[in-house]
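This is the structure I want to talk about, given as structure tokens.
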Amino acid sequence: MSEQALSTPQTERSPLWYRLDRLRSSFAGSAVLGLLAIAALLGLWEWLATLYNVPLWLVPKPSNFLGRLVSDWQMIGGHAIATSITIVEGFALGVLIAVPLALAIAAIPALERGLYPVIVFLNIMPKTVIGPILIVWFGIGPLVAALIVFLMCFFPILVDAMSGFKAVDKRLFYISRTMGANEWQSFWKFRLPAAMPHIFSGMKIGVVKAVEGVIVAEFIASNRGLGFMVMQASAFMDISLMFAGLVAAAIVALFFNGAMSVAERVLMPWSRAGH
Amino acid sequence: QDHVSVQMNWTADSAHLGFAMAESLGIYDEYDLDVEMIEGRGSAVAAQLVATGQVDLGYADAVAALNVASQGAPIRIISTIWKSGQFGIQSLADSGIEGPQDLIGKRLAVSPGSAMLPLIPVFLRANGIAEGDVEITNSSENAFIGLLTSGQVDAVSQTPENIVVPLAAEGIEANNMYFYTNGVPLASLSLVGREDKLAERPEVFSRFLEATARGWQEAMQDPEAAVEALMEMFPETEHSREALLQAAEYSFASVCPGGEGDIIGYTSAETWDEMYDVMTTAMDLSADRPVADYYTLDYTPETDVLCN
Amino acid sequence: MNQVSMTSALSTGQTSVAGASITAQAITKTYGEGPAAFHALGPIDLDIKPGEFVSLIGPSGCGKSTTLLLASGLEPLSSGTLEVDGKPLTRPLSEVGIVFQDHLLLDFRTALDNVMLQQEIRGLDKAVIRERADMLFDRLGLKGAQKKYPRQLSGGMRQRVSIARALVHDPSMLLMDEPFGALDAITRTQIRHDLEMLWLETRKTVLFITHSIEEAVGLSDRVLVMSTSPGRIIEEIKIDLPRPRPAHLGEYPEFSAYAEKIYSIFAKLGVYKF
Amino acid sequence: MNQVSMTSALSTGQTSVAGASITAQAITKTYGEGPAAFHALGPIDLDIKPGEFVSLIGPSGCGKSTTLLLASGLEPLSSGTLEVDGKPLTRPLSEVGIVFQDHLLLDFRTALDNVMLQQEIRGLDKAVIRERADMLFDRLGLKGAQKKYPRQLSGGMRQRVSIARALVHDPSMLLMDEPFGALDAITRTQIRHDLEMLWLETRKTVLFITHSIEEAVGLSDRVLVMSTSPGRIIEEIKIDLPRPRPAHLGEYPEFSAYAEKIYSIFAKLGVYKF
Amino acid sequence: MTQISMLRRVAEPALWFVGLLVVWEILVRGFAVPTFILPAPSQFLTQMVVDYQRLAQHGWATTQMILIGFVAGAVPGLILAYLIARFRLAEQILYPVVVFIQGLPKITLAPLLLVWFGFSDFPKILLTALITFFPVLVDAVTGFRSIDKRQYYLSRSMGASWWQTFSKFELPTAAPYIFSGFRITVVVAVTVVIVVEWLNSQTGLGYLVLRAMDSSNTPLLFAILFVGSMIGVALSACVTLAERLLLPWKQA
């Protein structure tokens, strides 16, 4: 029967396994391509630096600082972990505060007219200036670093979550209300998933801002972390360690971004289905 | 007139009184020089800008300049204006910190990435203090005054101009303890030039050094006039007259650490050898090149300009 | 296909809670405000008795969907008064099953999850509702569509999922906006019959919006005919036909008489051109 | 309402360019891949002659919309061959007017701008198309809806806007996916008639998808009946009735015979349960 | 009607600001916070009046830099976003590179850029653009991806060219997302420009910040930041206004 012949071959594997498998293969695929692209970028840099014989004190070559990344991996890794922990703390705080606040602002127009400009206003204060004040208030310690990270990543998440909540098709509320959903349910089952694509893009921006923020935070107040290490290196004019630190920070950013993509695929399966 | 551009280490402050005085008294004119002072962002940047050839001279901390030079930048120090180090440790007067030993068991704030960072271990070792005996915390220097006054730290490491002077303005008395006088005998703000540019117009730079030294000499004689000159040359400066005047004392002390008769801007070869020794043994500076590669006395003025 | 009839799938033993009543006086709806305001409906009166099956029929754009939104409390009235079970409606009805004209499925839930939402939100017994959902899926020809996302479904399938969602929790009142619009003729007749059987058994109040004269006459106790926009009710027709009504209504002269009557009202509205 | 008939609004003087032909052999469509693959259609053959009016009728979900997407070149075939005017279809047809099942209006354009998109993209004369658009709006009962955004329109109005969009540029071929689904009975009959008149005048090739047996028989030269999913063509019925065909087809026995035939095919598919 | 809402639009945030400043003033006075830690609003507002000329002049320099940096960041952001959203290969190759570059703490490069290019505008614009383009990029990617794939049926059946598909289908669909990226970027840009000027400039508010910090003049410091924040609020309002004008269907 031609119908039989045409129907797809039956596989033993369950759809769940298949989903995981596809996720893995495509994710690994992108990772490899991405790393190749970055390698190409660094290669170009190395080649140009060698070609024009650029001295170390002006621009280090990738071979200089990548070498440090390898030889000092234990020390750099330790700092990277400290940095990552601060990122997680500050970022989690950012999400936990920005998303509900965005919901409130999106739901209450008066808040958008009044509170939002104030948030914009406060957000503009450069963290390098706010930081020292925070230190004096909260003492030198990991708290201040996490707070600065929070301040950095909070705003993008807020703005995107706001537009996410506002973009939710008003008619979805028709359904939620006729089901008698309470506020919590209508948030959890309607608004949040519907706003999810926006929130995820806010979080993707936020996580990268968090990396930026953590470095600034560690410049300002900390005894460990990549930002601290970079600053130490610059004090000792160790340019190759400095760049190794920068690259390590970028790798941390890549890692968190990758984690974000995985979270997106897992939490928003519908965005991948079909078409 | 010969044009000379000078990349300053920072925005205008008491470290530039001599240059302003030379300009305002017409000394540079007298030496047929057209001097351009460019405000900057740190000694390392100034040294690097010299190395890239964007300016004729740089005004940079000797330690930073040597570090840049040791990485292969073709630059040399031609004159040490601040012959003693600018950095030290500051604490409130009532903290009881008088000498290095008093730091034991105290909290000291340091700014990560700052120029004093490499000096602190040297300072501690020279005074027989183990690194663990002082609790060092890292904090942005902009928080120092707040940290000191709120009692969160006992001491900070900065320049007295940046700590003692502003605290005095708030009516709070504070002490300063220089590294230089406590076992770290390193020169500080110096004039740096690029080898090829130096070779091109040797006599111009020579004149510049002499004029500058005379500027400092005049400044020390009339600090008020020097402050006035500075404020005229850099009208954008935020520093108050009083603050500059107070800071001038520290500045002049650095120019003439040897007191009366000291030669302005001149560090002898022997002293250079000593400094190099400290930097290569205690501070990780690579020793593969002789110290003579890093400085030159060729441009030192014929006639010494002396402190008074 | 599963041979269990929808009726049995839907009545869960508990026999016939009579439905609610809906009474509206001079309600109107104006969308927007200022110069952009658009008077979309009314004034109209409604008087739907408990357990009655009432259809609303009228030209496209006359305000049928708007009427449904007002009656369910989902859109505020612009004027007039509206009572459900004798009490003024202050918030959206929830003891109700609604089929919206554009199905309004949640993109981010599979077909089954869209239906199970009723259970999740109302906190009903999961196993019971799941069983009912499965039966409805079977009955509505949605077998195998459970795990598909709305955008992987055909137009008609989406509509059927939304019908399942409106029925799964066995509501005491049904509001349906052109629920059978995208179904093929056969399924349509089938489901019409199933709905009638269900209604006979449980006597819920039903407000049914349709374009199809056949459907209106085939299902209703009463048909309300609306004028062109802004819609008003221009005719009320009691359908005195025995129930259950046959599949091929066209073959019965009593039916044709009613249909003809509605046709002629529409024709008077000036819709016909040929 | 404007009394100009749609026919005259649509034929811009240029008399009847014969339409294109569509020939398909053993085409199939499978959505997705791997274990998630879903075989949605076929294999089916099509042989639509230039100027022919062919309807596709079948149960919901059988693959009618899919067939339209394949025939227009918008979705790639999974297997089989497809030729339009004798040439293999390598890219989407563009000399065509398509009414999609879910109207696909752009949210961010007003009704009129949605229709004028055809002019903008095809670079047609603005004044001419604008005039045709206005006439179509009148004719389709959309007067006054020009400046409304899709979400401000009723369900039926959205569908009519998408019909206007498919006709405004006077295409040589029409592909219509349940275009009259959300219209009321009267408007539906009216537009059906208008479409027939238009077709008689210009003889474009039309592939018409519908659930309505009445519409299929009332309009087509040929009706293709599809089986349940994955759809295959199980019957081809030539409709030998004079044109233009009357409004109330139900009253004509020739019509009833054809309708009955299709009903019985459907019934054989096992859709009926009562 | 509109007048009332206009009034509200101005009055409501103004009220919030006044409230904020009053609380601030009370706290500073109540806890006797020394000026060099946190000045009271009365202090820096006075400073603002005294220094209005300088603040205006440097504020204008900063505003220009923000606008240039914003454009320099947003345009490449949009282009890259389109490529990333449309072409899987571009996504796989470009996106990691973008995140990588974004993850580099570029502020650290400010002194290096100063060494390479001196005190010119180029490094400032480059840094601002590098730091600001990411939000636009990410939101635009989400926006371009949010288009219902079936809209392509429509565009292709009309024979739309690439440009027509982009300008008439994709761009309007993505526009609300892009604007949300703009809302973020314009605010981030203010901060970035101030920090960049602080590290690498002879003009602008950031440069004034440096001066204020050097002389421990906290009232001036906060006066500068207040001006910077007002610029940010104003630019943010401009984006909102532009969104209203350009995306009328969101209002309807």
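Letters A, B, C, D and E mark the chains as written, and numbering starts fresh at 1 in each.
We take it that contacts are C-beta pairs under 8 Å (C-beta built on N, C-alpha and C of every residue); 3 or more make two chains touch, one makes a residue touch a chain.
What you are looking at is a predicted structure, and each value in this text was computed from that prediction instead of being measured.
K.L.:
Which neighbours do subunit A and subunit D have in common?
P.N.:
The common neighbours are C, E.
K.L.:
Please report the smallest number of touch steps linking subunit B to subunit E.
P.N.:
Tracing touching chains, the least step count from subunit B to subunit E comes to 1.
K.L.:
For this structure, which two chains share the highest number of contact pairs?
P.N.:
Ranked by contacting C-beta pairs, first place goes to A-E.
K.L.:
Based on mean C-alpha positions, I'd like to know which chain lies farthest from subunit C.
P.N.:
B
K.L.:
Quick one: point me to the chain whose Cα centre is farthest from that of subunit D.
P.N.:
B
K.L.:
Determine the centre-to-centre distance between subunit A and subunit E, using the mean Cα coordinates as centres, and give it in whole Å.
P.N.:
19
K.L.:
Averaged over CA atoms, how far is the centre of subunit C from the centre of subunit E? Could you give it in whole Å?
P.N.:
Here subunit C and subunit E have centroids separated by 50 Å.
K.L.:
Round to the nearest whole Å and give the separation of the Cα centres of subunit A and subunit B.
P.N.:
The answer is 42 Å.
K.L.:
Please list all residues of subunit C that touch 2 or more other chains.
P.N.:
Those would be 102, 152.
K.L.:
Listing for subunit E: what residues touch at least two other chains?
P.N.:
37, 115-116, 213
K.L.:
Out of subunit A, which residues touch more than one other chain, so two or more?
P.N.:
If we look for residues of subunit A contacting two or more partner chains, we find 15, 58, 128-129, 133, 136, 227, 230, 234, 274-275.
K.L.:
In the complex formed with subunit B, which residues of subunit E make contact?
P.N.:
34, 36-37, 111, 114-116, 118-119, 199-200, 202, 210-217, 220
K.L.:
Residue numbers of subunit D touching subunit E in their complex, please.
P.N.:
Answer in residue numbers: 69, 72-74, 91-96, 98, 100, 102, 104, 106-109, 117-118, 120-122, 149, 151-152.
K.L.:
Show which residues of subunit B lie in contact with subunit E when the two form their complex.
P.N.:
10-11, 13, 38-39, 41-42, 44-45, 48-49, 52, 54, 142, 145-146, 149-150, 162, 166, 169-170, 236-240, 243
K.L.:
Could you pull out which subunit D residues touch subunit C in their complex?
P.N.:
1, 3, 5, 31, 38, 57-61, 64-65, 101-102, 141, 145, 152-157, 160, 178, 181-190, 193, 211-213, 247, 250, 263, 266-267, 269-274
K.L.:
Residues of subunit E touching subunit A in their complex?
P.N.:
8-9, 12-13, 15-17, 20, 37-38, 89, 91-97, 99-109, 112, 115-116, 131, 134-135, 138-139, 141-142, 146, 149, 176-177, 179-180, 183-184, 187-188, 190-191, 194-195, 198, 206, 209, 213, 221, 225, 228-230, 232-233, 236-237
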